[in-house]
C-alpha cells in the first residue's frame, strides 16, 4: 500500500494531490502536462516536494513535517522512465542487471531469462543502448526496473513506444505482477484500454489536482471523469470461465447467463473480468433473431443520461451485472426507452478486445 | 646510447618516473576536487576554486618557493611529514609533488567539464535502482567521465614532463636524484654552445610526450566508442 | 635632446642599476629602460636582434659570445665591477677558517650544500672551482644541491633547507637569515667580472653616454655600497 | 512524390526496401525494430545508405550509383523525431522558429500563432525545454518541423506520447496538411486507428523488408498483412455529407443509402471517408427491427474467409461499397452464411470513432 | 597608489592587456582547433594534436627560444611579418603571442571536451531544419559548448597572467614595454631585499585572476542554467 499526499508548486503549475495506491495497479490518468510524471518523481525520491507525505507499506519515504526524506536508492522502487534513461556505457545485459547488484541478497528476484524472453530482447543482450530502436530501448528499461527486486514499481507510460503486438505480449506480464507479486504498481498511461485492462485503482489528474479516484470499474464507467473522452467508458463484468468450445470460443458464466468470447487464455473455473465498451453494445426492445451477435443479455433500463452531443448513456440492469450502452438520443426515442423499460443488450463476441479481458487477481 | 651521457639518461628516467607518479597520485584528488566543484555547494567554494587555480596563475618559481616554505624539512607540513619518515625536499618525490601541483588545475578543469556534461538523469536512474551515491559515482559517473579523466591525465603528464620552475626551486637539481629533463635542458642553455645538447633532450621529451598523447587519444577513443553508438 | 637607452642587465644587479639609472636620468634627462633577466637569455636575445643598446653581463663568457658574433662593439667593452664568493650558513654562524680543512669539513659534513648549477650558472661554476682548489669539492659534492640561479641557492640557505651554501657577497647581504661563514680568496676561482659593452651598431649617443657614466666614480661607489667589489687594476 | 529504394545492413539487421510515397500521408507500419526509423533517417539524410536511391518530386536526394548525396540541410525536410530532440539552450519559441531562419524567403510559411494554438503550447513559449513534460516536448517537436516550410514531412511516431484528447486535436491538422498542402508526409505509427485515419498509402515493414504496400483501404482490409492484428481491419466507405440534423447527427449518403453518424465536422456536400472496423459490424439475415442501431445496410455476401481462430471475415457487397465484417465462425454457421447470401449489416452510429471519419482530399 | 611604483603599475596594466588579448585572439583558433580534433579526420591529425600540446611539454624557456628563433626579426616568420609592418619580438604583442601559445593547449582541451559532449543528434536536428554546417555550429554547437569555452578562457587567461619563462625569453623584460607581472616578480626576487615588492605583485596577480575566475564561474553557471532545467 502506497499512500501519497503532496503539494508542490512551480511557476504556472501547482500540484496538490492525495491518493492511496493499494496492492495492484494504480493508474495515474491525465492529459499531457497534468503532473503525472511529477507525482511519480516525488514517489521515486527524485523530486523533493515542498510539502507532503509519502509512505509505502507503512514505511515513511518522505514526510516534510518531520523533515524525513529517504534518498531514492533506499526506497527500493523500480522506475520505468518515460524516456528510457539507459546507461550508454553498459551493455543491454549490464543495464538489465544493474539493479540486481544493489538489491538486498534476500530480496525475491525476477528471473533474467524469463524477462528477457518476455520482452523479446535476447538478441540485444550484448549490444549497447546507442543503436537501439525506440521500442527496444523502452523494453530494456522495463526489464531493468523489473529486475531490481523492487518493493514497488513506477511505470511512466511504459508501453507508449511499443506496437500493439508487443504491447499484447507485455501487458500479461504486468497483470501477473499485479496479481501474483502483491507489490503496488503506479502506472501512468493515457490509453483507456490499457487502463481498463490493468487498473485496480484509477487516479485521475487534471492540472495538478486529483479530480477523482477509486476502483477502476467505477471510474471507467463514469463518462464525466474520463479525461480521454466518452469512448473509453464501459462496464466491467465479473464472470467465471465455464468452458472452452472446440470452435475456438470460450463460454463465460455471467450471473447465470452465458457470454461467448474468442478463446480466453485462462483455465475453466477461473474468474475473469470482461470490459464491455459502452459504444459497442446494441440495444433491442424485442429479443432479436437471426443476428450474427452471439451474446444477447436481457435487462432493464436503470437510468438514461443524455449528454450534450447526440448521444445518450443508458445504464442497464442485467443478471450479469450493470451494463453501459451508448446510443444516439434518436435511437433512445425511437425505441421509446425510459427507466424500467425491458430490453436486450446485443454484444458481438469479437467486439470485445483481447485487451479488455483479464484474469481477476487471487482467483 | 652514444649521443647521450649517463646523466642525461638518468634525467630522462627520472622525468618519466616523476611525471607518472605525479599524474597517478594527483588523479584521485583531481577527480574528487572536480566533483566537489561541479556538484556540491559549500561555504568557501569559490575560495577553494581559486586555490586550485593558483599554480596556474603564480609564476612557477613562486609556487616552488611556497612549496619549499611549506613542505621543506623546515616547513610546517614538511616537518610533520619528516617525523613520519617522508621527505619531499630534494627528493624525486618532491619533484613529483611539484609537478602534480602544477598540473592539478589542468586535470581538475578537464574532469570538471566532463562531470558537468553527465546527464544527472542517468545518475537518478542509477539511484532508483538502489545505487548509493558512491556506487552511482563508480558505476555511472566515472565511466561516463572517462574521456575527461584521460584528457586530464595527458594534460597533467605533459605538464609534468615540462615543469621546470617550481621543480628546480623546490627540489633543486641533483643529478640522478632530482635532475629532471627540463632542468638538464636549462643547464645546457645556460652555456654558450649548449644548444645542441639541449635540443637532443628536448627531442626525447617530445617523443615521450607524443607517445603518451597517442596512447591517451587511443584510450579516449575507446572509451567514447563504448559510450556512443557501440 | 632627450634620448632613450635600453639596457640589458643581469637580474642580480637590479638594485644597483636602479640607483645608477636614477642618477643618470637626473643628470642627462635621458630615459633608461632596463631589462633584467639571466645573462644567457639576454645574450641570446641580443644575438637575435633585441633592441638593446647596452649589455651588462654577469660573466665574460656571454660577452665573448656576442663579441664573436659581432653583436657588440668590442671597443666599447670594459669590465665594470667584480664580485666575491662567500660561504654562507643558515642563521648566526661563527666564522670558519678556510685554511683548516678538517675543521671546516666537520661542520659541513652530511649537510646539504646549496649553490647555483655548477656546470652552467657562473656562480655555480666559480663555487665549484673555489671548492676544488681548496680540495673541499670531493667531500661536499654528494650533498650539493644546485639551483637555477644563485638567488634560489640563497633562499635554500635562508629557509634552512640547506644549512650551507656558496653565493656572491652581494647576495649574502640580502638576507638576515644567513651569515657569512667565510670569504673565498680571489685566487681560488676565476676572476668574477661583470663586463659592459655597447650593442652593435652603437649608434645611440645616449647609450654611449650611459656607458661613459658607468665609468664614473659615483657609479663605482654605488656598486661598492651594493656589495660588489672593486676590480684590481 | 517521394520514391525510395534502399539497401543497408548492420550486424544482425538488413534493410532492403523500395516504395513510393505519393502526395498525402504514407504510413510506415511495422513492429518495434523493423527498421522504420532507419528508413526515415535515410530519407532525411542522417544515414548514408550502402546502396540506394531517394528522390523527392523529381529531385534526387541520394543516388549511390552516381555518388550523389544531398546533405540534410539542403533536403528541405521537416523531421519530427521519435525522441523530440529539442534544443535545450533555446526557448520554446526559438525552437519553433529555428527552421524558419533557414527556410528560403519564398517558401510558403505555416503560421506560428495558428500552430501554437493547435498544439496548445501558447503558455510554454517563453520556457526552455528542460522542464517540459513528455507530451509537451513532443508537441513542440511537431510544431518545429511544421514551421520549417518543408517540402516533405517525416514524422516518427509523433503522437505516441500524447493523450487521446490531444491526439484528437492534432490529427485533423495532419489531415489538413495531407489534403491541402500537397506535400508528401512519411509517417511512422503503430496505431491502427491513426493509420486508418491518416494513411493515403501504407507501407508495411517487417525485419527490414517491405512486405506489402498500397492504398490504405486495400492494406487495411487485408487481415493477413496487418502486423498489429485483426482488430485493425476495416472497410473504408466514401460518402457524401447530406445534412446535419438538429439532434446532433449527420446524415451521409453512401451509394444512395443513408448513414447516420454523430456530427461530422464538415460542410454538407463534402466527400467524407468513413472507416468501419470489421469487428464492430453485426450481420443479420432478416431486416432487424427495434434495434438501437441506426444504420442498417442491405448487402450480399461476397466472400467468407475463415482464419485460424474462432473468427471469420465476411466481405459484403452493399450499395454503399464493400463492407468487412468480422464474426465468429459459429455465427456464420448459425446464420447459414455462404457466398451470395443476402443479409444486413448493422452499424451503430456511435461505434464509429471520430478518428475514423475524415474529409476526402480535394473535395 | 603609494606602495607600488609607476613601473609596477605599468607591469600590472601590461599583464592585463597581454592576457586579455592573448585569450581573445587565441579563442577562435582554439575553438576551430578543438572542433577539428574532436570531429574531423584528416591526415596528420595526431601530429597536429601533438603540435598543439607542445607548449605544455616543452620547458617554457625552450618555447620562448623557439618563438624568438621563429618570430624574431631574424627569424623566418618574423622577417616576413616585419615586411608587413608587424613586429612581435620585444613588443607587448609578442608577450601576448607567447601567452596565447602557452595557454593554447589548455583552451583547446577544455573546448574539445565540451564539443565531444554535445549530442550529435541535436546537430542533426538542426541540419534537417535547414541549417548548413556553419550555421549548425553557430546556433547549436557553440551555445552548447559555451561552458567549455568559458572554462578554456579562464584557463588561458590565468595561464597568461602567470606566464613567465617563454615571455621573458621571447620579449625580454623591458619596463613599460614587455615587463609583465611575472617578469617584474622575477626581477624583484633576484634582488637583495626584493621579496616584499615581489609579494605585493603576486597578491595583485592573484586578485586579478580570482576576479576573472569568479566572473567565469558566474558566466558558466548562467550558460549552464540556460541549457539545463530552465
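Chains: A, B, C, D and E, in written order; residue numbering restarts at 1 for each.
We take it that a contact is a pair of C-beta atoms (placed from the backbone, for glycine too) under 8 Å apart; a residue touches a chain by one contact, two chains touch by 3 or more.
Small disclaimer: the values here were computed from a predicted structure and weren't measured.
> When you check each chain against subunit B and subunit C, which touch both of them?
Common neighbours, subunit B/subunit C: E.
> Relative to subunit B, which chain's C-alpha centre is the most remote?
D
> Between subunit C and subunit E, what is the gap in Å from one C-alpha centre to the other?
Between these chains, centre-to-centre, one finds 35 Å.
> Once you find the CA centre of subunit A and the CA centre of subunit E, what distance in Å lies between them?
Centres of subunit A and subunit E (C-alpha means) sit 60 Å apart.
> Using the average of all C-alpha atoms in each chain as its centre, how far is it in Å between subunit C and subunit D?
Distance between chain centres, rounded to whole Å: 91 Å.
> Show the residues in subunit E shared as contacts by 2 or more other chains, in ascending order.
Answer for subunit E, listing residues that touch two or more other chains: 61, 65, 186, 189.
> Going by the contact rule already set, what residues in subunit A reach two or more other chains?
Each of 83, 131 in subunit A touches at least two other chains.
> Which chains are in touch, pair by pair?
A-B, A-D, B-C, B-E, C-E, D-E
> Hey, which residues of subunit D end up touching subunit A in the complex?
So the residues of subunit D touching subunit A come out as 10, 12, 30-33, 36-37, 82-83, 123, 131, 133-136, 139, 156-157, 160-166, 168, 190-192, 227-229, 231-232, 245, 247-249, 260, 262-263, 279-280, 282-286, 288-294, 309-311, 325-332, 335, 346, 348-351, 353.
> In the complex formed with subunit A, which residues of subunit B make contact?
121-122, 124-133, 135-136, 139-140, 143-144, 226-230
> Could you please specify the touching residues of subunit C with respect to subunit E in the complex?
Result: residues 6, 8, 11-12, 14-15, 33-37, 41-42, 44-45, 48-52, 149, 151, 170-171, 173-175, 226-227 of subunit C touch subunit E.
> Which of the residues in subunit B come into contact with subunit C in the complex?
Listed in rising order, the residues are 61, 65, 68-69, 72-75, 89-90, 164-165, 168-169, 172-174, 178, 183, 186-192, 194.
> For the complex, give me every residue of subunit C touching subunit B.
Residues 38, 40, 43, 61-62, 64-65, 112, 114, 117, 119-121, 144-148, 152, 155-156, 159-161 of subunit C touch subunit B in their complex.
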